[in-house]
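Next come two complexes built around chain A: one with chain B, the other with chain C.
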Partner chain A sequence: MDETVSEFFRRTILKIPLTEMMTILKTWNFLSENQLQTVNFRQRKESLVQDLVLLCEENRASLNDAALLDIIYTQFHRHQKVWDVFQMSKGPGEDTDLFDMEQFKSSFKKILKRALKNVTVSFRDAEENAVWIRIAWGTQYGKPNQYKPAYVVYYSQTPYAFTSSSQLKSNLPLLGQALTIASKHHQIVKMDLRSRYLDSLKAIVFKQYNQTFETHNSTTPLQERSLGLDINMDSRIIHENKTEKERVQRVTQEIFGDYPQPRLEFAQYKLETKFKSDLNGGILAEREEPLRCLVKFSSPHLLEALKSLAPAGIADAPLSPLLTCIPNKGMNYFKIRDK
Partner chain B sequence: MELANTLSQDGESRGGVLAHLERLETQVSRSRKKMEEPQSAQAEESALGTRIHELRRLRDKLRAEVKQHQASVKASTTNVEPDQTLEITEQESLKRKRENVKAILQAYRFTGISGKLTSRGVCVCISTAFEGNLLDSYFVDLVMRKPLQIHHHSIPVFIPLEEISAKYLQTNIQHFLFTLCEYLNAYSGRKYQADRLQSDFEAFLAGPLQRNSLCNLLSFTYKAEPEGQFFPFCARLLYKDLTTTLPTDVTVTYQGTDALSTTQEEQRAAHEDLFFTKPLHQVFTSFARKGDKLDMSLVS
Partner chain C sequence: MSVLRPLDKLPGLNTATILLVGTEDVLLQQLAEAMLKEDCTSELKVHLAKSLPLPSNVNRPRIDLIVFVVNLHSKHSLRNVEESLHHVDAAFFLGKVSFLATGDRRLSSHHGAAPGPHAADLRRPCAQRLGPEPAVPAAEL
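Take a look at the complex of A and B:
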């Protein structure tokens, strides 16, 4: 086995936490049960990794096998990457999309290889007729850098592709082109949507986040929302603004629904607007040029946080549509200008 | 007696006067009995008849008594609380009616399209089925506004919902729902066939079944007999019409390195026909059945 491949194996296996080692190796399914049994998984990580690399050498593992292991690791740790969303479109009146996965894969690889000789492309099929693609970029004269790969997740016969933000931005147009042509689309556009949570991004663009429907078959009736008041609460305590609290609850429920919100970490608003004020005068009101500023909301779970703002009394209900439109519009990057 | 014994050997005419008298005596006694029988029978009959009359009289008397008793009980209960008993029975009948209507509404999903009114419009449920098997249900929540809007839905992203709603949602909602129903039922049917092939006939396939989200392109390498290690055929099924569950294009190719014999060519052509006309899993069911029979060639 090549020195570089061997090193690549070592560094990839080293990344895997000990608690997940067995699961990931089994998913990889490259080393047999017998081989795995010969390894002592309780030893120091360094020596464990050495043993495993030796086994890979025994099995004559190739670069592609290592790339596959890297894909599996990334699938288990997808939150470690930040994902962008691309939207593709077809021309009008196109024939039925007869998507052939093998054709797609070979076409995608061919397009990249034709443009860039030094590139490693690997595929792994995933559930729901999706494919994970790993691309290690090289240059005209340099071998592909296996330690900074780009990932693309594509669900067949959909117009959306999810890509991990590649450090090498110059290759993005080529990637877009390969995707578009291989999936038989005409155009590709980057959406203003980005997050670490790939599954939430999928839920947003596939419109799968609100999946509660009223039917005659459901046994649970529409529940009366309680104000979070304890039934055992002292009867001497009265809520002064009960009607207002109920209104806020109702409005929040109408906007955010009863379903768990998709997970995003931030929303960013780039403002280029003139200053608006109720008061007459003031230095800023006279300013002709628009103000430029960036407002960023960050949270471990942004939409749930926004949902809890009004009931907690921190903001008025209803919230600004700029905040509530995020899942509907599939955007968390906004540019706001004066009309 | 001795006289009778010695004389009987000569026949009846000889029996003598005594024997003759004996015979006459028995005859008379028999006929007398016969005459007495109807008389006794008659006596019995009349006795039974009177008994029957008596019993009937007793029965009528008792019946009358029971009726009287019932009437008096009814009169007493109606005097006490007439309204409550009526109410209870009304309540019960209403409850039963309500349960009945609920059950009918729940059962409506078996018609394929059903719905429930919501605070903002209606939530339509499209229940798909194939070959009598109830499959997945899909929902479209509509907001009754001008223009009609889809609030949220559970239609898979690869079904051309935007296209269909652009064409029909505002102008002809019935057509919108029926078209959507067509697409979803066809998709469910194709998916069902592909899933059945993958799970039930794994032994007949070499390697996994190649498919896509819409299940409108299926590709697999297979054999038509349960035994044997050689998978001679490669099939490629295209479903260009998204509203059908049978393929529009079928290509079966022979995989072997040796030349194609006439029987194999016949098989190949026959398989192509089968895939065109029968659902996928049924074709493989027939392959499996052929393996059980000995002389299939003679039958076909």
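Take a look at the complex of A and C:
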């Protein structure tokens, strides 16, 4: 086995945490049960990795097998990457042909190889007619860099693709082009939506987040449906503003629903507006150019945090539509200009 | 006029009523529960309100102590208390009003994510009671 491939195997296997090693190797399904049984999984990690690389050599593992292992690792650790969302569209009057996965894959690979002689493209099918694509970029004269790959997750029955923000940004237009042409679309557009949580992005874009898991019983009294604060309440505690509390709960529920919110880490608002003042005159009021400012909200779970603001008494209900429209509009980057 | 007066009603027999006023309901709830756990010679009742004046159409017992809760991180909560003070009769301040400041734990960093997803995590229930002497006016907070 080639030195570089061997090294690639070593570094890829080294990334895998010991607790996940067995699961990932089994998912990869390249080393047989018997082979895995010959390995001591309780030894020091460096020695374990060495043993596993030797087994890969025995099986004459190729670069593609290593790339596949890398895809599986990334699938298990998808939160380590930040994902962007692209939406493709067909031209007017274009036929919606039946999608052929194999044709898509070969076409995608061909387009990239035609543009850049040195590129490694690997595929792994996933559920819901999705395919995970791993691309290691090279140049006309340099071999592909296996340690800075880009990932694309394309849901073939939809016009959406999710890409991991690769460090080699210059190849992004080529990637977009290959994706568009291979999937028989006309145009590709980057959405203003980005997060580490691929599944949440999926839920937002495919509008799957607003499904309650149990049957929604609309006759349940509001008190029981609220955050459970009222159920075990001490009768010695009296809420003076009960109607207002109930109103806030109702409004919050109307806007955010009963279901768990999709997970985003931030929302960013770029403001480019002219200064407005009640007082006539003043230096800023005469300024022709718009003021520029950036407001960023961040949280381990932004939408749940926003949902809890009004019930906690920190903000008034209803919240600004600029905050509540995020899952609906599928955006967490906003540019606000004067009308 | 919807002003709270300390002696406008007869006291209940062996009862004491505390009114907690503050914008953050969850915190008031926690404080009320903690108070009710303590031993009290009278039967204790705790009323929670977002602000004053209180809704007028309600029959309520005489209020023996008002505690205004202010979150040090929220100007809104301070302003809320300032405006509520207009609805408290001056006589109340003779030992029947207390101010509580919360949120003295520093937020770990201004860059990066907040400590927890829930708004309630932004402040610890480590309140500081401003002494047993006559209450300090809001302006000096």
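We take it that the second predicted complex is superposed on the first by the 303 of 339 C-alpha atoms of A that agree within 3 Å, B and C clash if a C-alpha of one lies under 4 Å from a C-alpha of the other, contacts with A are read in each partner's own complex, and residues count from 1 in each chain.
As a convention for this text, a residue touches a chain if its C-beta (ideal position, glycine included) is under 8 Å from a C-beta of that chain, and two chains touch if they have at least 3 such contacts.
Treat the numbers as computed from the prediction; the structure is a model and nothing was measured.
When the shared chain is aligned, chain B comes close enough to touch A:156, but chain C does not.
In the superposition on chain A, contact is made by A:129 with chain B only, not with chain C. Of the two partner chains placed around the shared chain by superposition, chain C is the only one that A:314 touches, whereas chain B remains out of contact.
In the superposition on chain A, A:206 contacts chain B only, with no contact to chain C.
In the superposition on chain A, A:283 contacts neither chain B nor chain C. When the two structures are aligned on the shared chain, A:102 is found in touch with chain B, with no touch to chain C.
Within chain A, no residue touches chain B in one complex and chain C in the other. Residues 19, 22-27, 29, 32-33, 36, 43-50, 54-55, 58, 60, 74, 76, 112-114, 116-120, 122 of chain C are the ones touching chain A in the complex.
Residues 95-102, 128-129, 155-158, 160, 205-208, 210-211, 213-217 of chain A are the ones that touch chain B when the two sit in their complex. Those residues of chain B that touch chain A in the complex are listed here as 102, 105-106, 108-109, 114, 116, 118, 123, 125, 139, 141, 152-154, 157-158, 210-214, 216-217, 219, 238, 240-242. Within the complex formed with chain C, the residues of chain A that make contact are 229, 234, 236-241, 243-245, 265, 298-302, 304-305, 308-309, 311-314.
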